[in-house]
Each structure stands twice: as C-alpha cells, then as structure tokens.
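Labels run A, B and C following the written order; every chain starts at residue 1.
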C-alpha cells in the first residue's frame, strides 16, 4: 500500500476542454471573482487599505496629530540599531519555536482522543476548550501561583522527583519564557483542537478500511491516512499558529508584562508601546513591516511545501 | 432548494440588521441635552468608579444652569491610547483630562491642546500644587485640579499590639527597624511589617524626590540606598517579596485592608478608597496617616506626587465654555467639590484643607494632619519628551533588581548605560 | 520555522496509542462478540481516566475564577492563594446587574457576535469556494494577500483604520466593528483549507449533472462542510465575544458597550474590583458554553456515518 493511493484524490480542478480553453478560463475568472467578491470588498476596504497605509507610514515620521513627514529609511536604521528591537525579535522567535510545535502536537493528539463516540464526550470537548474562554487574569494569577519558585506545586513536584535546582519560572529571566510558552500552549490547544476535530471529520472512513484490508498497523494508518488527509488542516493550523505566535500580545501583557527585565518582551508589545503608547507611529509601522515580512516568508514557504505535496 | 433559500434569508437578515446601524444598541440610553443649553463634552476615565468626575460635573451644572456636561467615558486601563486614537481621527471633545504629565507633554508638544495661560493666571499659580509640571516654555496647556502625593498608611491596632508608638518623624532606618518588629506569623496568618507595591516609583521616585535628583539624567547612583533598604526589608520577610507580589497581582488594598501589612507607603488617592471600604463594612482596619519616611530626621518632609489636569482640545467645539469650566474646576469651588469625596485637590489653601478634614471617617489625629502638609512635593516623573522611553527602561531594570537577578550596583549602572544610549544619545 | 513532519513524528508515539479508534473498532467487529465488548469497555475506561485527569488540569484557573466570583473584593488576590471563599458572597451575582447595565452589554455583545459570525461564515465560505474549487489566474497571489494581512498585528494599523472609519462617519457605531471583523481573512482561509480536503470528483459529478457553480457550492459543498462551518462559527463567535480592543477603540458611547468593555470598567486607575470582574467573566462564559454544546455535535457526524458501515 503506497501513500499515493491513500491520499484523498488531488485536484485537477475544472474540466480542461482542449477547445475553447481561453473562453473557459475567462468564464472561470468571472465565476471565481463572483464567489470572492462579497468578502473581498469588505476585506479590501477595511483591512488591506489600512495595512498598506501603515506600511507606507514606516517610511515616514508621524505623531498622529500632525501631517506625516517622509524620512526614508531612518526608522529602519533606528530599529536595527536598537538593542530592544533585537531582544524582542529574539524573544518572539523563541516563543514561536516553542509554541507552534507543542500546540500543534497536543491539539492533534487531543482531537484524536476526542474524535470518538463515547458517552459524555461533549462535556470533555467543552472542557478542553475552557482554558481559551477563562478570563486571562485568572489564567495569569493561577499559573503564576503554580509556577511560584518556592511554594508552587510545579517546583514542589520537581523537588520530589529529585531535581534540586528548580527553575525560578516567571521570576527569572531565563525561565520566564518557558513558563509563558507552557501557559500559552495550555491555553491555545483547545482552540486548535476544534480545527483538527473538524478536519478529522473530512477523512472518508473508506480510506481506513482500505488500509486495514491491506493489513496496516495503527501506526501506519496514522502515518499514511490521517496525516496526509489532514494536510490542508495542518497547513491552516501551522500558518495560524505561526502568525498568532508572532503576534502574541495579551497573554504576555497580563502574565509577565514583558518582564523580568526584557526577558519576555515581544515585537507586538514594542509595536503597541512605540506606536499608540508614545506616538511614534512611523517607527512602530517599521517594526510591523519587518514582522510581516518574516511571517510572510514563513507562510510562503509553507504554502509552497503544501502545494508540492498536494500535487 | 431549501438550503439556498436559507442562505438567502440569512444574507438578507444579516445585511438588514447590519445596515440599520445601531438598532441593536441595548445599553443605557444617552441623556439628551436640553434645549438652549451648551453641551460641554469632557473625556474621563472610569466614570462610575472615579466619583470625582461626577462630583465636579454636578456642582458645575448646579452653578451654571446653562451648561450640560457630557462625560465621554473611557476605560481607565487604556485611556491614553483611546484618547490618542480619537484625536488622530479629529475628535471634537471639548475638555481632555490629562491622566499623567507624560501624555500631557506629548499632546502639548504636538499642538493638540490650546494654550490656557489666562486660566492658570486667574486661578493663581502660587496655590496650585504641581503647576510647574505644566509649564512648557512659559506656556500652560492644562491646569491641574487634583494632586496626589505619597504618604505612609499605617494600621494603628497592629502598632498598639506590638507596643510601638505611632510612626512620627521616621527615617528609613527607623522605618526598617519597626517594620521588622511588626512582622509576625500567628495561626498560619502572616503579618508583614510593611507592604511595598511593585511600582518602580515606590523606590525610584522616592529616591529622586528625597535626593533632589532627576530621573531623566542617565545617572542613577542616588537610588542605591533606597534599593538597599527595600531589598533588606524583603530579605528579612518584613514585606511581601516582589516576585510573588508581581506574579500574583497582589492588591495593595487587600494587603492593608485585611491587616496583612502594618504599614504601606502609598498615594493619597487611596484615602477615598479606604473610606469607602470602611463605610461598606468591607474592612475594619483602624488606620492612620503619617508622613513618608525621610533620609534625615530633620523634621522636613519631602515626598512626590503627580497632578491630574484638564486641557482644552484644539478641535473643541466650545472652547470658551471649556476654559470657563477648567477655571472653575481648578479653582476653589472645584477643589471643595472634590474634597468632599476624599480626593486631594491641586489647589491648596486653608479653607480647602479645612473642608477636606471635615470628611467623615478621616483620622483626625495630629500626625495624620501633619502627613497632609508635606514641605516639598517633587514630581513623580519630569515632564519631557524623553520621559516615556526612560520610564520603560527604569521599569525593566527595577524588575531585575527586585527579583534579585542584578545586584543594586549593577542594576543602577545598567539603567544609566541604557538610558544614555537608548534615550539621551538620540 | 517549524518542520511539520518532525513535529508530528515527535508526538506520534503517543498518538499511536490512543489513536484511530474507529478502524480499531471496525477490526474488532470481525472478532467474536463478548471479548470485543470487554476490550472496548477497558479501552473506554482508560480513555475516561485520561480525560478526567486532563479536565482537572484544564479547569483549575476556571475554578479559581468561579471561587473568586464568590468573594469580597479584598479577598480575591490574597497571598497565599485561597481556593474556597471564607464566606460565600452570592450577592455578587445579583449586584453586578445593578452595578453595570450588564443585560444591555450582553445584548450588545450578542448582537455583534451573531451578525459578525453570520457574515463571516457566509462570505468566508463563498470566497473559499472561489479559492479552492475554481481555477483562475491570480488566484494564489490574491490568496497570499489574504493570509499576509493576518500576519500584520492590528496594533500596527488600527490608527490609520480608525481615521478612515472616522472619515466615513462610522466610528462609535456597531457598523464599524461589523465591517471590520466580518470580512476578515480568517474565515476564508479556514474554509478554503477544508474545501481542499473535499474531493474534486464530487464537484465534477455535480457539474455533469448540470449544476451551476453556485448550485454546487450550496447543494454539495455546504452540506459536506458542516463540521468546518461549525468550527468557524464557533471560533468567530468566541473571538468576537471576547474581543476587547476593537470595541474599546470603536465604541465610545456607553450605550454601545459590550460585555468585555463593561467588565473592564471595574478596573480603576490604581486598583480593580476583581470579585466583580470574575463574576462578570463567569456570566459572560455561559453563552459561549451554550453555543459550544450545540456546535460540537457537528464534529461527530463524519464518524457516525462511516462508523455505520463497519
């Protein structure tokens, strides 16, 4: 049994008539646009244009009260010389590297655990989603208590299994980021579980049956049926996770507020503080342009990988 | 077939609902302004939870029947951000409340506020605490109506129980000594000698005020003593440690109102809060006020504070009415109106102070009264376009010193280095 | 950059164990009845055990939130943390309705969340069909532009956006928020990815049957994508319901405030009423729970139909 035959039939898209191809293409374009238009109009007017305006601002100096002034690359120069920018960039990347794979793995695991007919499964599904709807203040207070260096249950547990040098978690520069990552994975996995749960529904049962007839082990079925079939969902989850990791803001603000020192300061905090906090909108736009380019590169790479696999 | 109809209905309903505007608005109806009255709009934060605004507006409306004040209520947390956004969009709110002087500097320097020298002159510069903060090259763009400053709250019962006399003329040494004595642990309940909230001002602004130093200077060795004192208290367990207080979002009100802390340096805004808590029966703490501990025991009291002010928006619809309102609010009438609810007005004279001490529930002993008249009140943070950036760095380094990741000397050096290169160097 | 394959490999050993119950069950159908039933029961018990532990770990902060909602304000943030209120202040739950116009705020939130969710699901699934099942030049570039904007933090463009809205005279109204949030890229992206998993042969067959593209979308694709529609609706609803910054910037009149704004009004300049905030948070979670309980049923359908055949 090979992977190819098990994959959901890949898309040769619309019928390719050898004659009237151009006419067909034009018709397709028209049809495609009518589908996209209702959303695109709103998207263009209220998201795309402001985003482009913000990017234009990154080459200007603007306090929001007076007219913007063209300054060329000055904002970028300042940014690349700023120590805080590099610290925040590093923290953001570290956060993403921890948050993305862990959340994805756990969300998938949970989705598969909950994707079954079982009495009361609805209750458990709701429970997994609870962290996402619990007030952030409660999340921050309770997790900080769990992480408390001296009396917290986590360190007491670590002590009991023989680890003498327990981490200082949110009171320590080195361990604050891992603490934030753990909390955010805990919080977000229910959210992405919902997406995986939907994705799992789309896998035709026949594929599993066919694999079984061929004598595939559960592991092989997971690897050869579940994973390939979930590829579009996984692409979505990876992109959304990457994007949200690079934009992480709320949780860090309530949990550590970027501290201790600058150890958990991330780019979006910098964008917020410099922009609307201090009125340096040009500079904050420059940071967001850089953030955008990083995320876009990552996304395009993933898009290409996914497209190659789809073929 | 059924599905398409369903989709069509959904589309029609949503489009219909969406475009009829605020049809769904179900909050409280807005008070409609009456005929022939000027409607003056004032930006405020947390209108329900900040009674001074209502006190001011009600009294002003009573004195000026032709004016109708409409508060533009904004959440306290992100007040400056919202005001900035609104102003960027050309908002026409008449009076803007300046939550702190750093924002004031930004609005004023960018020409977003009207100059109101005449208002300040009428009220009188001499009596207005904190007015210097608003002086930008001889021009005033806002007038303070409220001035909070720091003093020491203490729990009289805990003092009595430990056999310690009231905290009169305290130096920091003496303060540390009694804080340690006041700490105890009984029946699993820990009582701390004092509680220092996590704000950097509890160390840095005190140090700056009492050493007459400038927090924008890039030179911070003056903070060392104050840090050593604070860390010593923390190490001996006489105050809750910083890491716990920060991560647990410890409420200073809880610490003091439940008798967990015997002393607490804090701002005068808390007076109204504690009065309310006692009135509602939520706390039975027997409290008093004392002057902030000092460097030297020479009887002179130096503290720090920060003023709150009203300014006129450049795009105001009713500029003249706005000025009139500010003149009244910063003046004696306004001062008395907010004194009645326990808020400390910027205007200080005998009749205002007398009015203040008429307040029900306020401790009336001599020490509390003395605490109320400090000899000198420095500004919490200087007014400058560098203040916001410096503030951020000082905050980060404060964290590191307080959790013990940096020694005091290293931390103070690092502050200087960073402020010089990241703020002053530019 | 994350390597998907690596990640999945890393977690696979766990997954292997608890995974693919449906094929497992199906295989067992061939075995004799009673040992199969017994085996299944033990498996179920293990799963229940795992889930129970998980639920406790996930609910702890929520439990604290509920507990705090039953305390006096100055008892909430104590050191050490207090799990059971020394005295249950049930009156918080009656007081909050008088302290703030909670009912009005709930209605506003509901109004916004429902409209935005409907529009997002409708326009998102339409556009997603265009992006996944119709092939035309420039499609992928346009799609990347959609995803690209998700990558820009809102903090970066909220002021330009606000100025634009102000010029259109839309600020301080629900319309502003509806227009901003209903056409986001999130829904398009989610639905497109789901449509990619639906075999094109289905559309092909429908075309041969003479259905137009719109007919295929409405009669073939939509019914098949119920789980995705449910998850999109659910996530959009929750995000809109919990949004704070958007309503904060755009809704100035108290009359228009949402629950999240109402709760923040308990935060003062120097302190906050956490007991009230927690009470309000507990109340505001209830609608989400209801929606979730309704929506999660759609996640079982795929399994149910394919399980039947075994």
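FYI, a residue touches a chain if its C-beta (ideal position, glycine included) is under 8 Å from a C-beta of that chain, and two chains touch if they have at least 3 such contacts.
This structure is a prediction, so every number in the text was calculated from the model and none was measured.
**Student:** Decide which interface, B-C or A-B, involves more C-beta pairs in contact, and give its chain pair.
**Tutor:** Between the chain pairs A-B and B-C, B-C carries more contacts.
**Student:** Among all chains, whose Cα centre is located farthest from the one for chain C?
**Tutor:** That would be chain B.
**Student:** Which whole number of Å gives the spacing of the CA centres of chain A and chain C?
**Tutor:** 14
**Student:** How many Å are there between the centre of chain A and the centre of chain B, using C-alpha atoms for each centre?
**Tutor:** Comparing mean C-alpha positions, chain B is 38 Å from chain A.
**Student:** Starting from the mean Cα coordinates of chain B and chain C, work out the distance between those two points in Å.
**Tutor:** 38
**Student:** Multi-chain contacts in chain A: which residues touch at least two other chains?
**Tutor:** Where chain A meets two or more other chains at a single residue, that happens at 64, 137, 141, 145, 276.
**Student:** Among all residues of chain C, which ones touch two or more of the remaining chains?
**Tutor:** 77, 81, 122, 158-159, 165, 182, 274
**Student:** Out of chain B, which residues touch more than one other chain, so two or more?
**Tutor:** 84-85, 88, 244, 248-249
**Student:** What residues on chain B touch chain C, complex-wise?
**Tutor:** Within the complex, chain B touches chain C at residues 3-4, 7, 10-11, 13-14, 17-19, 21-22, 24-30, 45-46, 48-50, 72-78, 82, 84-86, 88-91, 99, 240, 244-245, 248-254, 257-258, 260, 267, 269-270, 273, 277, 282-283.
**Student:** How about chain A: which of its residues touch chain B in the complex?
**Tutor:** 63-66, 78, 82-84, 137, 140-141, 144-145, 147-149, 168, 170-173, 256, 258-262, 265, 273, 276-279
**Student:** Would you mind writing out the residues of chain C in touch with chain B in their complex?
**Tutor:** Touching chain B from chain C are residues 72-79, 81, 99-101, 103-105, 107-108, 111-112, 115, 118-119, 122, 158-159, 162-163, 165-167, 171, 173-175, 178, 182, 218-219, 222-223, 248-249, 252-257, 261, 264-274.
**Student:** In the complex of these two chains, what residues of chain B are touching chain A?
**Tutor:** Spelled out, the residues of chain B in touch with chain A are 80-81, 84-85, 87-88, 106-107, 110-112, 243-244, 246-249, 388-389, 392, 396-397, 399-400, 403, 405, 418, 421-422, 426.
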